[in-house]
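Reviewing the structure listed below.
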Amino acid sequence: MMIPKKLVVIAPHPDDETLGCGGTIARFAASGTEVSVLVVAGHLPPLYAEAAFETTRREALAAFKIMGVAQSAFLRIPATLVRDVPVAELNGKINGFIREIGPDMVLLPFPDRHIDHRIIFDACIVACRPVHAAAPKAVLAYETLSETHWNVAGIEPVFAPEFFIDTTDYMAKKNAALACYASQINHAPSRSVEACTALAKFRGSQNGCGYAEAFKVVRIVV
Amino acid sequence: MMIPKKLVVIAPHPDDETLGCGGTIARFAASGTEVSVLVVAGHLPPLYAEAAFETTRREALAAFKIMGVAQSAFLRIPATLVRDVPVAELNGKINGFIREIGPDMVLLPFPDRHIDHRIIFDACIVACRPVHAAAPKAVLAYETLSETHWNVAGIEPVFAPEFFIDTTDYMAKKNAALACYASQINHAPSRSVEACTALAKFRGSQNGCGYAEAFKVVRIVV
Amino acid sequence: MMIPKKLVVIAPHPDDETLGCGGTIARFAASGTEVSVLVVAGHLPPLYAEAAFETTRREALAAFKIMGVAQSAFLRIPATLVRDVPVAELNGKINGFIREIGPDMVLLPFPDRHIDHRIIFDACIVACRPVHAAAPKAVLAYETLSETHWNVAGIEPVFAPEFFIDTTDYMAKKNAALACYASQINHAPSRSVEACTALAKFRGSQNGCGYAEAFKVVRIVV
Amino acid sequence: MMIPKKLVVIAPHPDDETLGCGGTIARFAASGTEVSVLVVAGHLPPLYAEAAFETTRREALAAFKIMGVAQSAFLRIPATLVRDVPVAELNGKINGFIREIGPDMVLLPFPDRHIDHRIIFDACIVACRPVHAAAPKAVLAYETLSETHWNVAGIEPVFAPEFFIDTTDYMAKKNAALACYASQINHAPSRSVEACTALAKFRGSQNGCGYAEAFKVVRIVV
Amino acid sequence: MMIPKKLVVIAPHPDDETLGCGGTIARFAASGTEVSVLVVAGHLPPLYAEAAFETTRREALAAFKIMGVAQSAFLRIPATLVRDVPVAELNGKINGFIREIGPDMVLLPFPDRHIDHRIIFDACIVACRPVHAAAPKAVLAYETLSETHWNVAGIEPVFAPEFFIDTTDYMAKKNAALACYASQINHAPSRSVEACTALAKFRGSQNGCGYAEAFKVVRIVV
Amino acid sequence: MMIPKKLVVIAPHPDDETLGCGGTIARFAASGTEVSVLVVAGHLPPLYAEAAFETTRREALAAFKIMGVAQSAFLRIPATLVRDVPVAELNGKINGFIREIGPDMVLLPFPDRHIDHRIIFDACIVACRPVHAAAPKAVLAYETLSETHWNVAGIEPVFAPEFFIDTTDYMAKKNAALACYASQINHAPSRSVEACTALAKFRGSQNGCGYAEAFKVVRIVV
């Protein structure tokens, strides 16, 4: 049960969607789900050179292809400056993307150590409010290796998941997609493919399957 | 999505299952789900006269019939004395009921002001651990009007639901089932049919439907 | 006990004060309390047409009259842009209103899904710090139907009230005041008069009275 | 505002009532409140010699006299064995004491490191449920120096008070009452009169008065 | 910094100490720390055959030898029946072990899904109270694969660690010690050596080292 | 154990470092630790006259000398306007200070009622991420009398410390340093030397020593 017809994934930056739910995207896409990804921010000036944006966009498109993403869009907001966009404008753009597609499930980033993730989480929650009949029935927050686990326990929200998707048969695709992000994923302990695989193994061990991706439930309406 | 094939509801005492998820039982049963209810404790000596048990059991069976419950069992443990049953024995009995049926969804009581609810919550969680392939895929905790909302905010766990089941079309059946419990449901502000209907209306308003029952997700595995 | 002499209610937008504490205002006003309302933001450009502000202001004044509000003020900050006002300026305006009146009780909005509510909550808490002898002795946060209950459980603060005001005899006045807000209150499940009444019934059931409004205690000093 | 007519204080062991709310008892008694104290457990075999009970009981009565307690009772349950009393019996005894007096305010212990405090907290909360018209309108939990602050942050409930009673003018009486407990209060850092005074000074600094006692609100109904 | 002279590890059952802090034990022992382990409960009737106790005890002693444990003791309380031991007696036994050794660091189990872990956590916290000069200066709670992560998020305490010990160079010893527990550790997803290694890799990724064990700080006094 | 070689203290405004960890600074400096203080914001226009900055800077330097601070820097950002500095710029400045010194311990402000404290907390946590080998091994958050304890319990994070530093022998130096801040520390209940001493006495009573400073652990890696 719970294979959506249409899935929207909101990624703060290219690679967050693969780190957080690459196995889920691959599994659902293989099961017939139409998957759409919205990338909100990007590697743009003043923090990054203009060329960096195109590099990560190309990496993202290659990863999307491997995972079976049907369509994607990039909002081109400079990384770390998402909070400078007027609230109503940011909400409007994210809301527009979601309403046009009309998904039954939305995956959004957990509000963690990266300030863009927090601002985008807020905007996504507003966009997913159950105020009309087409609002998504399942809204889940995913974890992003490193950033999510640098929230301070006892002071900031902790990612304690209650929803798990078995990705045992899709780890190869996820790792292949991660490998596309040559400019982002490296061999540092905090964000390597090895660390990513270990996290999936640990999440699997929590719920009796081989590998899994974990989510915090924002809202499910049946 | 998410209509289970087999549903098990664990009720600490007769009426908790109707108060907490009577609309859900009625809706799922009408949709083809096989619903089984286990009532753990009952109105027995030393706190109640022996006859009280039979009264509430008859009321429960009448309510079960209205909601479409397929089968039920009563463990006959005296109310408020559940904690005196050896842990392994209580876990074993609840586990046995669940394993025999092999449900894909289990609804269990939130650990609230009533001590039996807390003990039974613990036993249910142990019984639902994902340690074998037949473990239930969806485990949810329901609220019980009055008891659940007497947990002390800031000291004890608060029922803050993220999972909602639209029961708009099944409120009549739920209220009819509640009406069977003549010995339990009364016109006191804390547990009247009016209060129960108001709660369902409020839960509905949280997620965009007319009436709803609310749940806290223990674990969902897809 | 606890009927204040002077009460200040801070409303982020017109109607929040009635949704959150209309029954309390009516009851206290009828008991001799001098009630003052400060409306911080309003329906102004760029999000709304200029005319919308006057409409809601007229609706608010009509509602205030029904509930017995003695005096009110409107800060005229455009909705969703409250965070753009310099912190010291916003704090100063709210602080100025409170200090001029010198209330013994202040009711302020819970920091929920609406970003204005969060910013105004912060400013109110600063304004109510116990740093001088005239600081208010009782400071309480009220809930706003829909917005408050869209905070994400487990990630954002949950409204779990411990303070209740019996409004059984003042529901008619509250509903009449709500009816004044023709442009705001509608028949959507999330914000209808029916949903509002259901919430009051549920809050009443938590503490043994017919209908009630619920609050989170920020600080009470006796 | 908020001076009760009748106040009930539940003390797990003799001295908890003075440590937690001695200044409040003295202030309210001096203001005309009828104060009643119920001491639940005591220094009895098997953990203590029989004589220890009488010693602490005499100390308690002396302290009660200084603070202005109108009446008191001792349930004589052996310390650390409160959990062995059947739940319904313990609830019944505490409930009986409260119902006979019919207080408008009840002060009860925070559920902290001492197991008796946890069991008695539970029983008091059950006894104070708002299920009849005479239920107490204000129910507050007090802190007990040392025990309360040994709960483990992030794992167990933390005492984060929102209700303060100014005891500046009653610290002398509180300290005199504490001095009666020669067998309990000593010069160890964790429970000395100096530590107790420092805590009151700190609580005072949180809310703008000289010295204060702090409480967690269980429920206030107006 | 922070290599203790004497370390005490409290294990509810044999294998918990290796699962939770086997790498730490091995690293500290190799650094000159005197490590002592107290095993509280065991595989005894009525839940297990008498012979099971000796099997797991032999496995434990083999594991202790590999990790470099200097001394150990077994309290021989039957598993799942720890709560039936009188509180004062259980506290006394654990306290006696700790006081005799006089450690500067104690590692104890997180209060999780296994009822014995909860009861023993309570007893350990009481035994480690800072009430005398020889009380341990660092008290930390460790996680136990599977049990710890079956606590229900939003209802029960979540293991959100803030203290990490780099065990990169001691994973081989930890795994060798785990391998001694042939009767306990198996290839089920929830408790295999693979899952255990994945958890250590994930914990390492949180704090910039290869592999790590994670702890929740109960108290550190410098 | 745990005396750092190099300590960095981040102070939002001059005096926060002394209020929160003046005793710790004095004790560590006396033990050979090289202590560096970064003051982020200051008393500058538009909220304060230009001259106020120099006054508090002189007071700070006098306090630093008493406590044994080896070096300090002032970023000269106007108080209450820290949030207007671009995130990447603020993070960069704090990160630069920390990386140049390479401390093994960092003390940073708890995110409390003062908006500058929240923004600076965020920036410090980013600067202390364990993403390179020289990242600080111990990161702790300190409390600031008054501001920290005005966070709203149940809505905002509560300062519930688990790490204590015994400052019994350094209270005289701390109080002398506080006395340097003639323009900041006064005789109001919320921030007097008396209140500060009472807090240290209370923190000491929690962990068995005379006086102490308390911290929340952000991360410790051994």
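First chain written, first letter: the chains are A, B, C, D, E and F, and each begins at residue 1.
Heads up, the rule we're going with is that a contact is a pair of C-beta atoms (placed from the backbone, for glycine too) under 8 Å apart; a residue touches a chain by one contact, two chains touch by 3 or more.
Not measured: the values here are computed from a predicted model.
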item: Intersection of the contact lists for chain A and chain D; value: B, C, E, F
item: C-E or A-E, whichever has more C-beta pairs in contact; value: A-E
item: Matching chain pair for D-E (criterion: over half of the contact pairs shared, by residue number), options B-F, C-F or A-D; value: C-F
item: Interchain centroid distance [CA atoms averaged], chain A/chain B, Å; value: 35
item: Shared interface positions of chain E, touching two or more other chains; value: 130-131, 146, 150, 152-154, 160, 162, 190, 206, 208-209, 216, 218-219
item: Topology of the chain contact graph, where touching chains are joined (line, ring, star, complete, other); value: complete
item: Interface residues, chain D side, partner chain C - complex; value: 1-4, 104, 130-133, 135, 137-138, 162-166, 206-209, 212, 217-222
item: Of chain D, residues touching chain E in the complex; value: 46-47, 80-81, 83, 113, 115, 146, 150, 152, 154-156, 188, 190
item: List of chain B residues in touch with chain F within their complex; value: 153-154
item: Sites on chain A touched by chain E in the complex; value: 145-146, 149-150, 152-154, 158, 160-162, 189-192, 194-195, 197-199, 201-202, 204-206, 208-210, 216
item: Complex contact set, residues of chain A against chain C; value: 86-88, 110-111, 122, 125-126, 129-131, 141, 157, 160, 216, 218-219
